[in-house]
Every structure is written in C-alpha cells, then in structure tokens.
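Think of it as A, B, C and D in the order they're written, each chain with its own count starting at 1.
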Amino acid sequence: MPQVTVGIAGATGYTGAELLRLLLAHPHAKATVLTSNSHVGKAVTSVLPQFAGAVSGNFAKTEAASLRECDVVFSCLPHGAAAQLVHQLHQASPAQRIIDLSADLRLKDAQLYTQWYKQPHAAPDLLSQAVYGQVELFRPLLRGATLIANPGCYPTGALLALAPLVRLGLSDGPFILDSKSGVSGAGKEAREDLHFPEMHDALRAYAIGTHRHTPEIEQGLRALGGSGAVTFTPHLVPMSRGILTTAYAPAPAGLTQEQLTKAYHKLYDGEPFVQLVDQPDVKNVRGSNQVHVSATLVERTRTIIAVSALDNLVKGAAGQAIQGMNVALGLPESDGLPRSGATP
Amino acid sequence: MPQVTVGIAGATGYTGAELLRLLLAHPHAKATVLTSNSHVGKAVTSVLPQFAGAVSGNFAKTEAASLRECDVVFSCLPHGAAAQLVHQLHQASPAQRIIDLSADLRLKDAQLYTQWYKQPHAAPDLLSQAVYGQVELFRPLLRGATLIANPGCYPTGALLALAPLVRLGLSDGPFILDSKSGVSGAGKEAREDLHFPEMHDALRAYAIGTHRHTPEIEQGLRALGGSGAVTFTPHLVPMSRGILTTAYAPAPAGLTQEQLTKAYHKLYDGEPFVQLVDQPDVKNVRGSNQVHVSATLVERTRTIIAVSALDNLVKGAAGQAIQGMNVALGLPESDGLPRSGATP
Amino acid sequence: MPQVTVGIAGATGYTGAELLRLLLAHPHAKATVLTSNSHVGKAVTSVLPQFAGAVSGNFAKTEAASLRECDVVFSCLPHGAAAQLVHQLHQASPAQRIIDLSADLRLKDAQLYTQWYKQPHAAPDLLSQAVYGQVELFRPLLRGATLIANPGCYPTGALLALAPLVRLGLSDGPFILDSKSGVSGAGKEAREDLHFPEMHDALRAYAIGTHRHTPEIEQGLRALGGSGAVTFTPHLVPMSRGILTTAYAPAPAGLTQEQLTKAYHKLYDGEPFVQLVDQPDVKNVRGSNQVHVSATLVERTRTIIAVSALDNLVKGAAGQAIQGMNVALGLPESDGLPRSGATP
Amino acid sequence: MPQVTVGIAGATGYTGAELLRLLLAHPHAKATVLTSNSHVGKAVTSVLPQFAGAVSGNFAKTEAASLRECDVVFSCLPHGAAAQLVHQLHQASPAQRIIDLSADLRLKDAQLYTQWYKQPHAAPDLLSQAVYGQVELFRPLLRGATLIANPGCYPTGALLALAPLVRLGLSDGPFILDSKSGVSGAGKEAREDLHFPEMHDALRAYAIGTHRHTPEIEQGLRALGGSGAVTFTPHLVPMSRGILTTAYAPAPAGLTQEQLTKAYHKLYDGEPFVQLVDQPDVKNVRGSNQVHVSATLVERTRTIIAVSALDNLVKGAAGQAIQGMNVALGLPESDGLPRSGATP
C-alpha cells in the first residue's frame, strides 16, 4: 500500500500535536508538512518538546502553498480561518482530501452558523459538499469523501450516547445533556480563568444554554431521524483530557432495561471504537480512540440515563479525524488509532 | 456567654476532623471530647497531624459514657451505629443537644430507610423527634431543637438549588439533578476504586438511579411544598472537596429570566451562607460554609438550569452542623463558620 | 484593644486576597482599604467571588493617597513598584506600619538586588531601616518595627529547615536546597507554561542556579551565624498551594540522630507555628500558618536531611505578614492565623 | 520475522497492564498468556476495562505451567514471589527468555538483598546469570540474554542522569539524588496514605535514607566505573505517572558548561530513547519510552545539576522491559515503544 502524505495546518495546538502523535504510529500515512502561524521556521521539537527524538524538521507557514503537495490535509485552524484555507485548497485541487477539525464545515445551514458563531460563514458553498465525519453513525457517506467536517468533541459524546435511542425509535427527547470536559478542549492559549491555580480544584458549568455545539448536536440527531431540541450544559473539570456526557431521556412506556441494553448492542456490537461497559470513566479511554457507553433505565422516574466517555483530543478530535481519513481512503479503519486507554 | 462543651463521636474521619478544625475558631464552643473506635488512647495529633500545635489530648472510646458530660454531641458515626449511640445518649439525657451527621435521623419514614439502606432502622422512635437541619429552609424548626438530623451533602446542594422554584411555586419538576462531587464525600477508608492513580484524571457517574440521598431530596422537596420524584445522578470528580449540582426543571409558560432571578433573591437575600453569583464554582467556596447559586432560564427549550456549589465537608457536613448548633442554642448563626472560600 | 485599620495595596493577586481572607478572622484588625490597578472602582466581590457575602465595598486606586489613613499597610505590589509606594508612604508618615510582601526590602545590599533582579533598586535608603520579618528567627527585631520586609516563600521554608543546624553550630553547609512548590507562587497572571493543561500532570525544575530567592536565603543564613553559599533548585508541582523543601547538609563527625532531634526541639519547642513531625506533607499545613519540619541523619553517607512543609500563601506570604504585624504591634502573635491545616 | 509469543505473570497490576498496552502495538510480539492470582478465569476486560474492544480472553493462574509455551515471559510479581517463578521457569527451560520486573534479579550480591529487603533471597543462584537491563548503559550485555533484571524506576532516572559524569570521569560524587514520583510507582493496591483525598494536593518525602533502590543505584554507578555512595530521597507528587530526578554532583575544577554539555551529547547522541532537552518535564514523556535529560553547571557553587524525566510505567518499567526484550532477541530496538509523549 502506498504511503499517504499528510499536512497538518496549525500543528502547534493540542489537536494538531495529537494528530502528529497518532500519525507516528500509522502504517500507511506520514505527516510531511506541519504549519504554524507564530512559529514559522522553528524546529518542531523546540515548540513541542514531547516530540524530541521522534520528529525532525521545521514548521512551514500556514498557507495553501505549503500544503498543496499533501495527499491529505488536516486543518486545525480556528473557525473562520479554517473555511478560508479549506476553500483555497479545494478550489485549487478538488481531489485533495481535506479534513477540517474546526466548526466551519459542520453545520449544513449557514444561517445557523451565523446565529451561533456571531459571524458570517467565510465559504458557505463548501457546506453542501462536506460530509459530517462521525464515523460510526455516518460511515457509508465517508467512503471516498474529499471534504470532511470532523465532529466537535461534545457532539461526538452526545450523539454516540443518544444514537441508539433515536435511530431505533426508542426516545426522541426532550434530551438533557450534561457534559463534563477536561481543559484541553478549550485550546492551548493561556487564559486567566484557565490558569493552573484557577482551574485546579475547580469545577463549574459554563455557557449555559448558549454553547456553540448545541446546533451541531441537534443537526446530528435530526440526521438520525430525531426531531427535538436538546438542553446542553458543558462543565469544566480539573483534568487535561476527557469528556463524560450524562444524557437524560424520557423512557417510552413499557421499555425494559433488557430492551434498552439490546438496542445499544444492536447499534454498537462490532464497532472497533465504541464499547458498552458497566461504568464509563474517562480514565479508561485516555489516549485512545475508544468511546465507552452505558445505558440505564431508572424505573422510578422512567428516565433513560446514557453515559459516554471519550478522550476529547482523540475520539473527540484527532483520532476521529484519522478514522475518517482511513474510511475515506479505504485504509483499514483502525490504522494508527490506539484501541486501549493509557491507564492510569 | 458561657462556653459550650462539644463532643465529637468518630473524630478521625473527614467530617469529624473538619468539625474539630472549625470549632478551633468558634468563640463560644470548644471540642472537649474526641472519640474513635480504632485509635482509642492515641494522641489526636498522631492520627491527625494537621492539628500539630493546635490540639492536644487523646482519643476517648466511642461510647455513650465518653460523651455524657458534653453540652453538645456531634455524631460522625456511620449509619446504623449512629442511631444506636444517639438513642443511648438521648435516653440517658433528653436535654443533651445531639447533631447526627449520618443518614439515620434524616428520613421521617422508617420504611423508606429500610428500602434504601437495606437494613432495619436501629431506633425508629427517634425519627419523629429529630429536626432536619437544613438551616436556610427550616430555620424556625431548629431553634431550641435537641435532636438534629444534619442533611446529606448532595441534598444540601440539591435543595438549595431548587427551593426557590418549589417554595414559590415556579416549578414542581420533574427535576433532573446531575451532581459532581469531590472524593472526600466517600469517606476516609482506602478503597481500590479511590486509590489515587485510579481516581486522578478519572471522572465517572455512579449509583445511577440508586443513590441513597434520593429519598432525602424528595422528602425535602415535599416539605417545601413540592410533590415530584427526582432523577439524581452523582459523579466523582478528581478533586478532594466540593459538590457542584446542575439542576434541570421545566419552566412554566411565561416565566422570564427576570422573574426567575427575583425568586432566588427573594428566598436568599440576607442569608449569610447562600450567595447568588454569576458562575458557581467549587473553588470559590472551598473551606467555607457558603453555597453559591445561579439560576438561568434557557429560552430555546424552556428549561430552568439552577447550579449550586458548596464544600461537601463544610456546608455539606461539618459547617452546616455547627450552623444548626448555633441556631439551636441561640448563638450567633455565623460563629465559627468561614464566610469566604480559601482560593486558590 | 482598639481595632487596627489595614490597607492592602494590590489586593486582587493571590497574596492580597489571602491577606483579606485571613484578616476576616482577625479579632483586632480589619481590612478597610483594598487597592487595585486594573479594577479601580469595581466591587471587590465581582473580581474575587470567593468573598461574596463576606466583603463589601470597591477597590480604590493603588496610590499612596488611598492608604494614608490606615494604621497598617500591606504592600502586595510587584518588586520595583513596591519600593516606590513604600517610599512615598514612609516619607509622608514615618510611623505608619508598612509590611512589604515583595522582594524590595529584603536584601540589605542594594548591589545584590541589582545583580539578581536586573534593575537598580528604587529606594535603597529603605534597606537599612527595614526589618526582615521571619518571625521565629528574628522575633526581637520585629517588636515595634515600622518597616517590615516579609520573607519570600522559598526562603521561609529553607531557613526554618536549616536554622537549628546553623544557629546551634551543627552544620554550616555547603547546603543543597531542593524545593517543590505549588503554582500559586508564580502569581495570578495567565502564562502559557502555567495554562492548566500545561501544568497538570507536569513536574519540572526551573531557574536552576539563578532563582532570585538564593541571595535572600544566603543572607538569612549569615544572619543566623553561617557563612556558606547554597545551591537552590526550585520545582513546580501540579498543586495550587504548598512548598516542600528538602535540605541536604553534611553531618559533623560524631553527630547522632538523638542530638540532631534535640537541636530542632531546642529551637522550635514552644513556637506556635513550627511543628516537628515525622513526615512533613504540604497537605497537613494547607490553609494554615504552620510549618512542619523533620530532620533525619542518614548514617551511611553522613548527610542530614531536613524537610519543611508550608503553605506558600499563608506562612510563605500573607500569614507570616500578619504574624509580623501582630508582633510589631504587640498583639497576640497568633491572632487571625489558622493553626491547623484544612485537610483534605 | 516470526511472531514472538509473550506471557505476562501478574498482568493486573500497573506494570503488567502497561506491558499489555504497549505490546498491542508491537509488530513482532504478542501477549498470549496473562496470569493473575486473584482473578483467575475472569475476562481480562472485566478487570481492566481500558482494554474493552482491544483484548479478549481470560486470566490464567500465576504458575509456571501457564507460561511454559511462551517465547518470552515478563514477570510482574512482587519480589520474593518473582524469584521463585523465575527459578522454576528457568530450571525447566533454560532457553526461555525471562524478564523480571521485580527487584529479585537486580542486585548481584545476595547479602545486600537480604540487608535492604529484610528477607533472604529465594534463588541466589540466579543472580550471576541475570543481566541488568538498563539498555543504554549496558546494551552489549543484553544481546542474546536469557535472564534480564529489569531496572527499578528510580535507578533508571538516576543512572541516566549521572552516567555521563561517571563513565567519562567528570564526577564521582558524592551524589545527592532528589527524586519526585507519581503515585502509580507504589502499585495498584489500595493504601490509606494513597487514598485519593490523602494524596491529592499532597507532597512528601518518604523512606529518607532507607529506600531499597539505593543499593541498586550504587551498584549501577560502580558498573559505570564510579565508587561513591549516593544519598537518595524519594518523594510522592500528586500525579499518576512520571519521575523527575534532580541529581547534584560536585563539579571538578575547570569544568565548563560547554564541556559538560558535550559529555552528555557524547553518551546520548543517537540514542532513540534519551533526549537532551532544555527543561525536562514529566509531561513531555508521559506514555512514552523517552527519558529527557539536562545538565547544568552552577558556577557559584561549582555544582552540577542533572535532571531526568521519565514515565515510571514505561521507561521506568514496561517500556524498558520491552526494549530489553527487543535487544535480547535482535528485534528492532524501538519496536512497540512510543517515541513521543502524550501531551497534555
């Protein structure tokens, strides 16, 4: 099998560096171009010392010209800037595989984007061409895809927790999604509220009712056959990686725990990266591409509680992006993706 | 004002030691007897080195005889054992003030106790005499009380988040309570799942649909005028102290954010230990007796999201117990209780 | 006893806020003026929500005029700015008690200051008047003092670990000081290397051979009768508070463990805030003004290993400053100072 | 290249599970037998849920019979039990490759073992046959080896920090080694002092002057040509993985920083798993087999400060064991070994 050459735009952030880490173990793909805006020309290992002895070379400038020769480009740029780069690359070379890890290609409706992201979309024509890269739920659409919108970290956990309910018609909400995230999801830039002493031993909800991943989750549920709005509350937890999502749904009359469990098995048995477990815990998926899921029927209140745990930088970002690339290119889906958590 | 003498039964656990720490700063009460089952006769500071230079003396045996002379007894024994000790003390001296920090005096219905705690109640006759010690909500009942059931840590956060909705008739549920707790709430005994490397960087839900604080929360809501069952999911978060509770309630038609905020102010303005804040965070209440609360109306889904943050060892245990003692004895309510968090 | 009025210059940083927290429990002193450069006019609790319900009022401007009426001023300004403010206050009112928590008044030699702080001293005339505020070692000098240089966090732990050796002539080095600090010691300003995900699960030495607290430690040892240079290596550890210092010294021929232990008892028995313990641990002093100390003779290599643990924001900063104020004013030395750690 | 079959004795502990995790990515070796004493017959994933979807099969009994067919056996048993198993396997099949991760094969002198481990050695005849598996320092001895003593976690960091000094004759001590370790090094069994709330926000030295890794470090230094005793102080730090060792050595007269740096380059340039970096930090080696090393000359006190950072479960245990196996078997040395840290 020929080696796929990969470019990473914005490789100094957490998702860019995680892509680089995972690709080191990929048998059929190799990161050949790493770009940066603020570190152009610097040695990769001077900015990312965790790669000392593993990666050589310097950062190229973040621009289309740097990435033209790559078979695949992963864009880890912020939203807005991402759409511009993807647009340029796609115009110049429509066959180049582009996987965008920002929000720019995720929402099909540019109006919705403007409403939640408070700015006009930079390249709305891309939206109809991009495939939403949640592999387990939309795998057939990904085969051969050239433009892939990599899902958000929260939506990945939310959709995988709820998909069996919606797709198999067990519950259509209203859903309450209470998510707890490690801090790397907020990015690498220093912020006063994420200064170590401000976040250690801290725990708080944020963006109540206004988080931008909300419309992405709702769009995903509709694609699975659902209808309803979700109430989504993200929280920050003092750890670096991991998202635990606790999802609440009304149980239909007559549903039993046995039927509920069966539904989750039906959707996920055989999936390499979704595991039904007794007690999902972010520690068990750390560093891996796995999602651990459980579903419990609380009889007293007829409420279904589905829980999912994932590593926001792997299955919630870089890992799922590689999984999507593998499917798009027809490579073995698990290539380069750790299947076990690095515990403890 | 005369000095009140205080005995702490089971003073080596986390709540017992926290009582001791807080009482060191109490102007009108002094811990004179500390008991232990496993450390009888040992110097207090040999077991609890954080008190070196602050506390002298040895542990007495945990039995009624040790505690007879104290004006006030705080029992920090496990449920079951607690009821037995309280029963003995109360029989021998009905005027002695006893504040029980276990679950044994909390539920008014002994059947409910048996159902959730999987054992018969050791002294069901005490239940009708005990006053539920959530000070802000039931202060008048506490004045002069001799037997006080100190509330559970989760119920304290849950009830203070929901009380304005229920008492003022804004919402009667169904409520979803998603709580996240530091690990000290599980007690001091070593457990395999709470071994440091197993809990650090970990995050998980537990006891889904079965946690014993559920009936206590429901009983509290009924006492406030409500009716409904709650769905309660506790989680463990990698920090030592703190509980954040995110409560979800359906909003009544027409309710505005302004009215919602007003309701919370109505109930809590003037309270020394409940503060309405923009973003409750456990770091801001660490070590203090404060509860930080917010209430947000999510218009899109007509859902009220109330959040409360407290220190499970202070307002969730030892602090509230002292606050209850102060009210019962007619002492200034804030005596011995830190009013600001030890941040960072 | 009349109430002492206190001003805190730079009250929004970690040491300023810790002073405010501790003073809330001081029976004879009250913070009446809080200043800030960036938050002038804002409500204190809008910047420091941990004081909601405990502190009212707004920040004044950081300038001498704001602080003139206070009996005591604690300056928590950065070095350079601190000397300027202290100079102005002292010129205008030589009897006002000023306790400076920066490095500006610590070194007696302005040349040394210039060498290590890479800038000329802003008010060298103050140096001869200021008293070094390490209470246990220099208590007599503090009585009645008007200008107090509050010791650095690392020097406090280092000097208390080594003082019995030097003052009693057991060892004069060469000393190796390996210190491990929580992150709050680096201040409240967001920094890329102290961003939560960069510091969590991290551990590193820094400023090897160049840390500015080195000459302060050496000056302190000379004041105790010693001579030698120290090799001092600070480390950052993923916790918010606490410094553990492991000090290595050559043992004199013939010294026994018994004699060593006796020396430490000789210096520290009766001290309210230094405790000899088996195993100093920062968790046991958290939030308190205590220093826990141990001293071990390693026979095999004839090396003395002294260990000290303290809370860098309390005994390492705000607590020691209040202790110094108490001594200077003739107040009971322990007023306002927690004597037990808030564990866990 | 044929697939090597591997057995792991004691696979439920932290090092056993880490071996299993790393071997999943090894192109030429496969874990075929996993043994346990307490979980015989149970599904691997029921005990180690981090392997859900990655590993199938059950635990075999920990006994020689279970492991006879494996080409290679890694023993992760505690010391004492380890020597017995290794002895049985080696007697039955002298050509079987055995890598022991306990201390039992490390010390060449059985007397020394008895002295430090407080028990007679269970199979002293093995000592002369075993090769000490620190790959970078003793690689030639490992080629073709059948019995390998995998180095301790602390000795690995200590020896790699000091080796250039000793082997190139720059300094022969006396050395002071101040090591800071994550908690997984203490094993998986629950202990009161390692209960999460007891270790979180905690920091302490332990086993001052008495840690069992001391003679192993000294033996290693002698093998490198040195002579002197070391003073070694381990500390526990609130993180799961990682050891940072700060080593202090007297600098010979005339040595410059340039010469010092050159010496480290001489020994380590070209090594795949030792990197010279500006500031070693355990976060940059987490999950990888890398050791990051720096060496600084402090002119003022003529002291060399060498710092090393490693992941105690990888380079400090399982990773080095696999590296040793690779060398012994003539496989590519880096097979199955992550070369970059999983940061953050």
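One rule holds in what follows: a contact is a pair of C-beta atoms (placed from the backbone, for glycine too) under 8 Å apart; a residue touches a chain by one contact, two chains touch by 3 or more.
This structure is a prediction, so every number in the text was calculated from the model and none was measured.
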Discussion item. Taking each chain's centre as the mean of its CA atoms, which one is most distant from chain A?
Written reply: C
Worksheet entry | Interface with more contacting C-beta pairs, comparing A-C to C-D | C-D
Fill in: Where chain C and chain D are represented by their mean Cα positions, the distance between them in whole Å
39
Worksheet item: Between chain A and chain C, what is the separation of their C-alpha centroids in Å?
Response: 46
Item to complete: Among the residues of chain B, pick out those that touch two or more other chains and give their numbers.
Response: 14, 184, 197-198, 200-201, 238-241, 279, 281, 283, 286, 344
Worksheet entry | chain C - residues contacting chain D, complex | 174, 176, 178, 180, 197-198, 200-206, 208-209, 229-231, 233, 235, 237-242, 244, 246, 248, 279-283, 286, 296-301, 303, 305, 307, 309, 344
Worksheet entry | In the complex with chain B, residue positions of chain D that touch it | 14, 182-184, 188-192, 194-201, 238-240
Practice prompt. Sort out for me which residues of chain A touch chain D in the complex.
Written response: 14, 17, 20-21, 24-25, 48-55, 184, 201, 240-241, 272-275, 277-279, 281, 283-288, 290, 292, 338-344
